[in-house]
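Here come two complexes built around subunit A, the first alongside subunit B, the second alongside subunit C.
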Partner chain A sequence: MNELCALPPPPQSRAWEALRRLALSSGLALVLVFMVSVLVSDEPLKAFRAFSLGPLNSARALATLLEAAAPLMLSATGALVAFKAGHFTLGGEGQVYAGAFMAALAGAWCPEGSFGLLAAVMAGVLGGTLVAAPAAAGKRWAGADVLLVTFLLSQAALHVVDWAISGPFRDAGNNLIAMDPIPQASLLPRLVHNLPLTPVPLVAGLVSVGVWIFLSRTRCGTMLALYGRNSRFAALQNFPVRSFEWAPIIFAGAMHGLAGAALSLGSNGTAVRGISGGLGWNAIGAALVAGGEPLAVVPAAVLFSWLDSGARQAAIFTELPPDAAMIIKALVIMAATAKPAYTRLKALLGGRKRT
Partner chain B sequence: MDALALVGIHKSFPDTGTVALSGADLRVARGEIHALVGENGAGKSTLARIACGMLAPDRGGIEVRGSAVAFRSRRDAERAGIGLVPQYSMLAEGLTVAQNISLGHEPRRLGLFYDSRRAEYEAAMLAQRYGFSVPADAVVAALGPSQRREAEILRAMARGADILVLDEPTSILDESETRTLFDLLRRLRAAGAAIVYISHRAREILDLADRVTVLRDGVALTTLAAGQLDECGLAELIAPTGACASGRDGASAPGQPVLQFLGAEAGPLGPVDLVVRSGEIVGVAAFAGNAMDTLEDLSAGVRLPDRGTVAAFGLSMDRLRRRGHRIAYIPTDREGRGMSLRSSLRDNVLAGRLSGYSPVEYAARKTPHADALALAKSMDVQGHMAAPAEALSGGNRQRLVLARELDKRPELVVVANPSQGLDPAARSKALGAIRKARDQGAAVLVLSQDPDDIRDLADRAFVLYRGKLKPIDSEEAGGLSALLTGART
Partner chain C sequence: MKRIVFLALAVAGLWSCGGTGGSPAKPASVAVFVPGVASGSPIYEMLVSGAARAVEERPGTEFKVIEGGYDQSGWLDALKAIAASGEFDLIVTSNPALPELCVKVAAEYPEVRFFVADAYMDGQRAIHTVLYNQLEQGYLVGYLAGALSVHKGSNRAGLIAAQRYPTLDRLIQPGFEAGLLAADPGMKLEYREIGNWYDANRAAELAASLYNDDVEVILAVAGGAGQGVIAAAGSAGASVVWLDGAGYQLGPDVVVGCATLAQDRLVYERVSALLDGKDLWGVADIVGATDGYVGFDRDGPAYKALPESLRAEMDTVMAKLAEGKPAFTLDSF
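Right after this comes the complex of A and B.
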């Protein structure tokens, strides 16, 4: 028998590690929800119940949860690919916003129907890509700092799109600060009558699976991951490092743009001011909680969406502040990404002896 | 009574699925230099870290001067008089030697203010007592490897250590610096210190140690007096694979020029004129600080010359990589250039072969996985395919890089310090693989700080001294160490 096979059991796979991390994160989130309910609410049990079960207590609530999680899945998958390539992109928020704006613009201007929908989706992707492109080009040709450039570009994009939505492209007949409505026939179709469920969750799941296949089952994906961890080594192995310098940033931009398009083409029906609502930042959190595993992005996004939705439900029925979700998300991200804390928690729950 | 005794030590690392020690014993007497040897991954460093309180054993006991102890931290071990001199310097670069020595135990004026004069005086006295030459007021960043070692030892001694654990202390030292270190260790032994000396280098061990404990697969195989052993005997004990055989095969006649330096200059190097032909091994020996790293960079195409040309297969190095020539590069900076530490062993091993698989074949994973196992086995890399490469010991990392690079059936091999971190058996295997590449027609350039590598491998040899190449003939190659030392002085 091969001597390598005679060694003790191999370490757990990354997918299994990601699942464990998610399970621990979810458990921690529940504990935190309970603690916040006890600390803040006069009716802690009612608040806890509304927070934890509210988003799951009907088909409609479940559909809303999935629909809200889907753009986050897309964004987080894009961010994850960039992270895998070693590019810490902080531009998600502006890219989502630009995607939402471009999708609303194309949806309103193009002929109604499937063509209009397709054009709006493509425009959304283009919007995110355009905001990401200068950072990708800067990295490729000038060795620019991706973190800094994507952040600055994103901030610029947020201001420009804000101005565009509230200024020249504002729908004067709408009380909201929003663009012209996209015709109904160009919006995303509903999969089930009377439920706010579009094909976006399915598409987002497929994108996650596709990225998982790319990273774990293709030569290019393996090269990209090796590049992300040691670009110098990758260059010496003759990998296409020039492409890896820009392509993952563009892909992340495209995914953020697609997420923005999903926001405009979903229940909003157009781009309203502030439509991105922190999605780009949440995407970074979800990608980190997923621990670099594309398939784990789906449950991570659902977890985040559940926290948002739960906080809103609890705020309706109790005096729990809706921003409680933000605090809990921050703590979950910290716990999931702080390796020593995670290892200690894992050892505690798994009963392993620490070394 | 033993100064230090480790009895029945067990240690495993569940996270990486590694059993490092399975009942290892080590007993070190006062006034003794005790060598701890073994193959890569035998558990030497783990045992040393347990002795120094950096790891807790799963089972087993530790006795210091006859009393059972349990260390919860390195500080506990220091209090018990055990000091560690790690393989790589852990000194604060920006501080002086005296500041490093007193770090954590700073002398204070009026109990408040750091007393730098007293710290320097105490450090200087300590250095004088043991005959160390390192100046107490020198900033560590300005020190050479040898003086850093002295500072590390002094830091341990300043904390009252009379049991010293040195983990491969000569790995970054040249021969003259090694001799200086040995003199220091002998003086410490004479002063009654117990010294645990971890090394792969059989010659060093026999030169220095009083007794030798051989670790294999996490257990102490035997403990012998060093006088009972010769180099071959020790190598056989470490890994019974005929490790002593390292004779030069009859090489075929060299062919066409493959790698050419024509008046190449870069930084402190040059001008260098050198031709490496297919089917030959050209060796360049040099101590660190003689532009060896620049020569390596130019040879591997990492850097272009400031003046002159470096070409391979008739193309300048910057254009070469795009033409698909098979080049193997085994760098000195193994972790920075030779592997991706956080990636799996499988991905690291297969990195050189990835483009050879069809998309379907790679997606199915069966063939690549079998290839990865076979490649790892070809150089005895011990580790799990799914585990990150950072879990591998230094020697296993070197084997991994050698296995992957030499598997490319290269036309050109650039190898720097091929035997770094390898035990005698692995070294013998590695050198054999390099010779095989030569016999298959590759042009091989070996750059090494270890004269033995050049002596055992090179068909033609050069010494690099102060950036200039000096050819040496085969008779001189036999006394390469002396030649290098002479060149240096």
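Right after this comes the complex of A and C.
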């Protein structure tokens, strides 16, 4: 019996709260899609239908939606763990890009087949981890500001990888700015013939479940969450705060790197310049919409992927701009995260009234 | 609860009364995918107009233009979205980078067919491509750049490119160098690279440094960034040669020559043939000056202002090239 005796019981699962938040976010997204359709398109009903149902109109479209959501699930799970520990990491974009680059490099260079695939996945994880490592080390040994350092490192990584893909590692025979193609045998296998569905959504789901078990069913996870809420309290309770200072940042980097590897090893077949495409930023949004609940990351990522895919479909049939999804996502994130601000404002106003 | 049920019913009602779903029976439907933005890009404007003309002549055929923007990493997803919509039988596009992406989409959507102009890929049953012999295009502007440089007392010409890519490395630049040397065997080429297709400021810096170093004529292969080369030429009182036509509109005083591609004609002819059921799938063609698809625009004000002797020389070069002299034979790419 030790300091853990002093711990409160593990917190109740916040699944219901997360579900409510997701339902509200999805409902809000639908309302916003309709409003944007009415405001921007000459054929609002057609735009709304294409936006909302287009990504679901066939098994292949559905598989494409899930496949696109999977890297976001991985990244958002990583970001969520870092946020739980109180580390507001903004380095996801660079970590994803580095992961994609490293995976493409290893995939093209290693012997093709299962070994090449495994090596590429590991290299992707390593790529994301390497970009996250200086921030983790800075936090652990120098008390660095994680938010600032991860952001700056990410920006540097974006430039370096950009240069590498378009320069020394570029496939000279390709008119696209991309690296050498990864051999077919080293790419992610398809689960179903003729459907663009790889094991990545399954892996991402399992990672979310694993993180949920860790955070809500293990002592270490409970300690991590308490550390994230109050690091001084955690230190007083002799929690392993030294590990909590860096490990969640590294985990987030690894998950972002894994997401990057999924991009390169999927239908892209290599790392194309700009392949991260805002995934690191979307991961923050998905983690926020999930409200700190790992299991909710899966539907949150699907919601984001549906918005992206729906906007593309609507743009095909109507005058709706493909960027409409960005605006809607921003509004959904703002709405989903507005509750703490609302509560704080209410408390402030209540306090003033009392005085 | 009542509110939720009402909202659900309302949403279901809206879904059901839309009108884009399913696959209504129709003769054919064509999507034109522009890997960039059509407006301001002559090659893509011709792509759209050529396809539109072919579709207009076939009543009942549906037609839609979809712009993919400049971010290459988004093109694959955009193409997939078009195929996934289930609404289009034929996707028409133009860019050397597109065939590889079309192959990936075709693997997932085997019922969709692709025609890619300005590109080369043979043996893919879902794809028909036609490549312009851009050796000839480079040769025409190279000859003019060489002759004008010599006329102005310089023995160097510049080439400012957005980035390295196979069509530039294997067709445009060798053709341009061949043209320079045909005009004067003592001509030398100065190559500079911007790094992207949009940074006009960087292009202007590179061009200014070349013009300050006794270069009189630069070929810009830089998309939107080429505006920077035109601006620098205006400041230096120097000249620019251009590919793909319409350069005269961008810089009427400094663009002295424009090679042209008959993209609208090519797209019209091939889309018409494909819609009429001609089996061109898996075929990769190469067209050039002898067929009239590669040429030179004589109508620019700066070109008309060139000395008569130079223009007469160019007329001779164009006439010979149309006869296949010199022969830039391309059997594959």
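By definition in this document, the second predicted complex is superposed on the first by the 326 of 355 C-alpha atoms of A that agree within 3 Å, B and C clash if a C-alpha of one lies under 4 Å from a C-alpha of the other, contacts with A are read in each partner's own complex, and residues count from 1 in each chain.
The criterion applied here is as follows: contacts are C-beta pairs under 8 Å (C-beta built on N, C-alpha and C of every residue); 3 or more make two chains touch, one makes a residue touch a chain.
Predicted, not measured: the structure shown is a model, and the values here were computed from it.
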{"item": "Which of subunit B and subunit C A:Asn230 touches, first, second, both or neither", "value": "first"}
{"item": "Comparison of subunit B and subunit C by subunit A residues contacted", "value": "C"}
{"item": "Which superposed partner A:Gly54 touches (first subunit B, second subunit C, both, neither)", "value": "second"}
{"item": "Touched partner set for A:Ser114, first subunit B, second subunit C, both or neither", "value": "neither"}
{"item": "Touched partner set for A:Asn238, first subunit B, second subunit C, both or neither", "value": "first"}
{"item": "Partner chain in contact with A:Thr222 - subunit B first, subunit C second, else both or neither", "value": "first"}
{"item": "Overlap of subunit C and subunit B interfaces on subunit A (superposed complexes)", "value": "none"}
{"item": "Footprint of subunit A on subunit C - complex, ascending", "value": "7, 11, 14-15, 17-21, 31, 64, 66, 69, 71-74, 76-78, 80-82, 84-87, 95-97, 100-101, 104, 108-110, 119, 163-167, 169, 195"}
{"item": "Partner subunit B, residues of subunit A touching it in the complex", "value": "2-4, 7-11, 13, 213, 217-219, 222-223, 225-226, 229-230, 232-234, 236-239, 352-353, 355"}
{"item": "Interfacial residue positions of subunit A with respect to subunit C in the complex", "value": "27, 30, 34, 45-46, 48-50, 52-55, 57-58, 60-61, 64, 68, 166, 170, 172-177, 194, 196, 267-269, 272-275, 277, 309, 312-313, 315-317, 322"}
{"item": "Subunit A partner contacts - residues on subunit B that touch it in the complex", "value": "11-19, 55-56, 58, 300, 302, 321, 329, 331, 336-343, 347-348, 350-352, 354-355, 357, 359, 362-363, 365, 373, 376-377, 382-387, 391"}
